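Both complexes below contain chain A, partnered by chain B and then by chain C.
Take a look at the complex of A and B:
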């Protein structure tokens, strides 16, 4: 019962943060808008008989090309969940930090972190549950019969779940890293850069194959085999490695959060 | 009472930025990360025996350092709104138009400093790495013109971030907005539609990387500057008329 109320409190705090809604909006509206633009271009290319210009033959692949923007939304949710605790209020309102109040209410720090992680997981999954089906439906509606190929239903479901898992794990990594830094600037910068096409991890894979075991590189096949970079882990082992990273970092974050002055 | 001129306002804004630890960290961090990435790219090229020049390596490093410039550009405005510093600032300089002008000049100066030192560090790191690894050098790559274009691109992105920060005031939305635009939306759109070349970063990138489908020189400059002026104008107007 007690754990449940801590979780409910964290969920309430998160859903009261404008930045969390912005992160969710970035994922839902960003993915939708990019899919819209992409799908119109793909449909025109396919109808004009130039499939080589379209990049994708199926509506599903077209929708999935816009999934990286959802990772940005997940990063924002994960980072803000923690950094909002450490942001000082306006001096007009006392200049305090929320973390003090939180720890007075729930002195067991590990419990706070677990509840926060659970709330982040729930919010990111809810965002994914809206963003991914909406983008796929939009692409299907626009491309329709012009598609030259289809993705089988079981593969589609697997890739949707994979993308939701990737977003969730990224948000948890963001949460853990923000426990270390307290300020949200560095994790936002690093994780948004790394979820883009100019990812530093991607660059490192050119120098050493070990970089394929970094969390974001390990998990990238969860989106499907559309990536241009060869090598690296397959979807299943990659998901395990990425989950391992997220759990390990959360455990370290729990230890740091418990032992350090707030 | 004597009216304050522009130079002291710029000097005050530069002072505020200089004494902000995060500015120094952002500039130094961008320079160091840029140099490391340039060295890594030069090393990777040497491994594969690809002849390349230090300038080419630097141009390939630009997309990796642009995030640092975004942070530097955002700080001048976001630090004012992080606490109540903006109230003190406005008490000292009540003329808001003058304040926005001074702040923008100071932000542009710091961004330019960061851009030039980062590119310099990248060229130096790439050249040293190539020398150490006895890498095959190429002499027919891009020249100083492209390097200048890259510096202009980085400055433009930094100033654009400053303009966005004026509009949205706070660090997180400005940072995430510009980073998502430059690093995620713009490459994804470029793969989907040729209209992506009208985005501010794509237009400015034509200054150093005139790929197929890029806008030609004068148009690119016009489009990039129009973006900065439009967003900056909107942000300044908001700063002038809204409660601080």
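Take a look at the complex of A and C:
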């Protein structure tokens, strides 16, 4: 089996799914909309001479405050990449699922999973490549000269790459979890809520410091220094821990996917 | 061409397949018959590497399906209707399948035309009728110009004209030297096209042979089928 053909097929499959575009739109438009709201507030506070109300002094920091919403988009892409295989067609059309076609076309299941993961990585990185610069540019345009500080270029680049990495690893975690559940409902619900409304891991850190080693907490400093919660891992070690989680879950998912009946 | 040997499959405590074995030969249409739940789909799913057998093996030209390189070029199959995600178009579905097995994209238009779906190629599969889904499943099976066709209940949902068409297609495929294995729970369809019959009931093969061998003692194929599947012991070989 030619790995490239399998990857190209998976990429084509994913990019034709409306839900994948929804995920990308959530990241791009969601981050953009939040940035717009934040940036207007920050600019007005700075212009009014109330920097203590602005929250952020720089356009970059303002834009990055909205980056967690991109995680939601990444979760959608990761979950749908696998759950779409198990979605039953309408009863009128015979009700079948795509997984049968996929595994008959490519019986080497680990190959399927690797190709899917690679396609997810590519799509999430492409989404990040649009969403992050667009939000930063938007914040710059709105706040402009009102900014009281700037983020150095090297730090900005590092944080952009860090955010893209966080989104990518989150999508891979979502993909791996959905291998176990097959249905996308539970992983979508849990992961979207966890990465937007209430972070369960964040709450757990109040009970035990071990929770700082959970994937989403470990990687959170990839966005930059987060001032909301003290403690936990620094960006570098955190990225390694989060990557370890993603790889470990994918390996287990691969073993399960290879062994069970389709 | 297809060799099924001693397949055993349990779902929990239930025995779905109990030492199922038979062959499907080149140049012949083999009909795999049995009532619903007899084990037809389970056998085909193991043959295609979708499910694992607890015992026994199923081989395609001496190899397991999972070890075939670009399997769709050797064996085309249809299980569960279209096998496409509901939000795809037929063209998109066939296109990714072709890509995965290194099949030229021009085959997509060819098979769409062959199964009569050209006009609906850009309709989302979720809006298809049962018959259209079956046609898409067939298109997918034909995509790689395979030597072997394995079709689970292929005439389900097809109109009389579609049934006539698929009979012609399968007959021509076998006459050209190909191997055809099709399952059915509906006797009438296969009597006209099958060369060989394998009848399964309750997870066991109860009859296996040429159409004449199996039906010799009965008035019609339907009589043979009901006689053989009702008690499941009247084995003809």
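To be clear about the criterion, the second predicted complex is superposed on the first by the 259 of 262 C-alpha atoms of A that agree within 3 Å, B and C clash if a C-alpha of one lies under 4 Å from a C-alpha of the other, contacts with A are read in each partner's own complex, and residues count from 1 in each chain.
Keep this in mind: contacts are C-beta pairs under 8 Å (C-beta built on N, C-alpha and C of every residue); 3 or more make two chains touch, one makes a residue touch a chain.
Bear in mind that the values here come from a model prediction, so they are computed numbers and not experimental data.
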So, on chain A, is it clash or fit between chain B and chain C?
fit
Apex chain A angle, CA centroids, chain B to chain C, rounded to a multiple of 10 degrees, is 90
For A:147 in the superposed arrangement: first (chain B), second (chain C), both or neither?
neither
If you stack the two complexes on chain A, which partner ends up touching A:90: first (chain B), second (chain C), both, or neither?
both
Name the contact category of A:211: first (chain B only), second (chain C only), both, or neither.
neither
Using the touch definition from the top, say if A:38 reaches chain B (first), chain C (second), both or neither.
first
Taking the superposition as given, does A:261 touch the first partner, chain B, the second, chain C, both, or neither?
second
Considering only the touch criterion stated at the top, classify A:174 as touching first (chain B), second (chain C), both, or neither.
neither
Which superposed partner A:165 touches (first chain B, second chain C, both, neither):
neither
Once the shared chain is lined up, is A:136 touching chain B (first), chain C (second), both, or neither of them?
neither
Once the two structures sit on chain A together, report how near the CA atoms of chain B get to those of chain C, whole Å.
10
Name the residues of chain A shared by its contacts with chain B and its contacts with chain C.
19, 90, 92, 95
Mind pulling up the chain A residues that touch chain B in the complex?
19, 22, 26, 30, 34, 37-38, 40-42, 55, 65-66, 68-69, 72, 76, 80, 88, 90-92, 95, 184-185, 188-189, 192-193, 195-198, 200, 203-204, 206-207
Residue numbers of chain C touching chain A in their complex, please.
45, 48-52, 65-72, 77, 79-88, 92-93, 95-97, 99-102, 125-130, 132-134, 137, 140, 156-157
Per the touch rule above, chain A residues touching chain C in the complex are 1-2, 5-6, 8-10, 12-13, 16-19, 84-85, 87, 89-90, 92-98, 100-101, 103-108, 259, 261-262
Per the contact definition, I'd like the list of chain B residues that touch chain A in the complex.
22, 37, 40-41, 43-44, 47, 63-64, 66-68, 71, 83-84, 171-173, 175-176, 179-180, 183-185, 187-189, 191-193
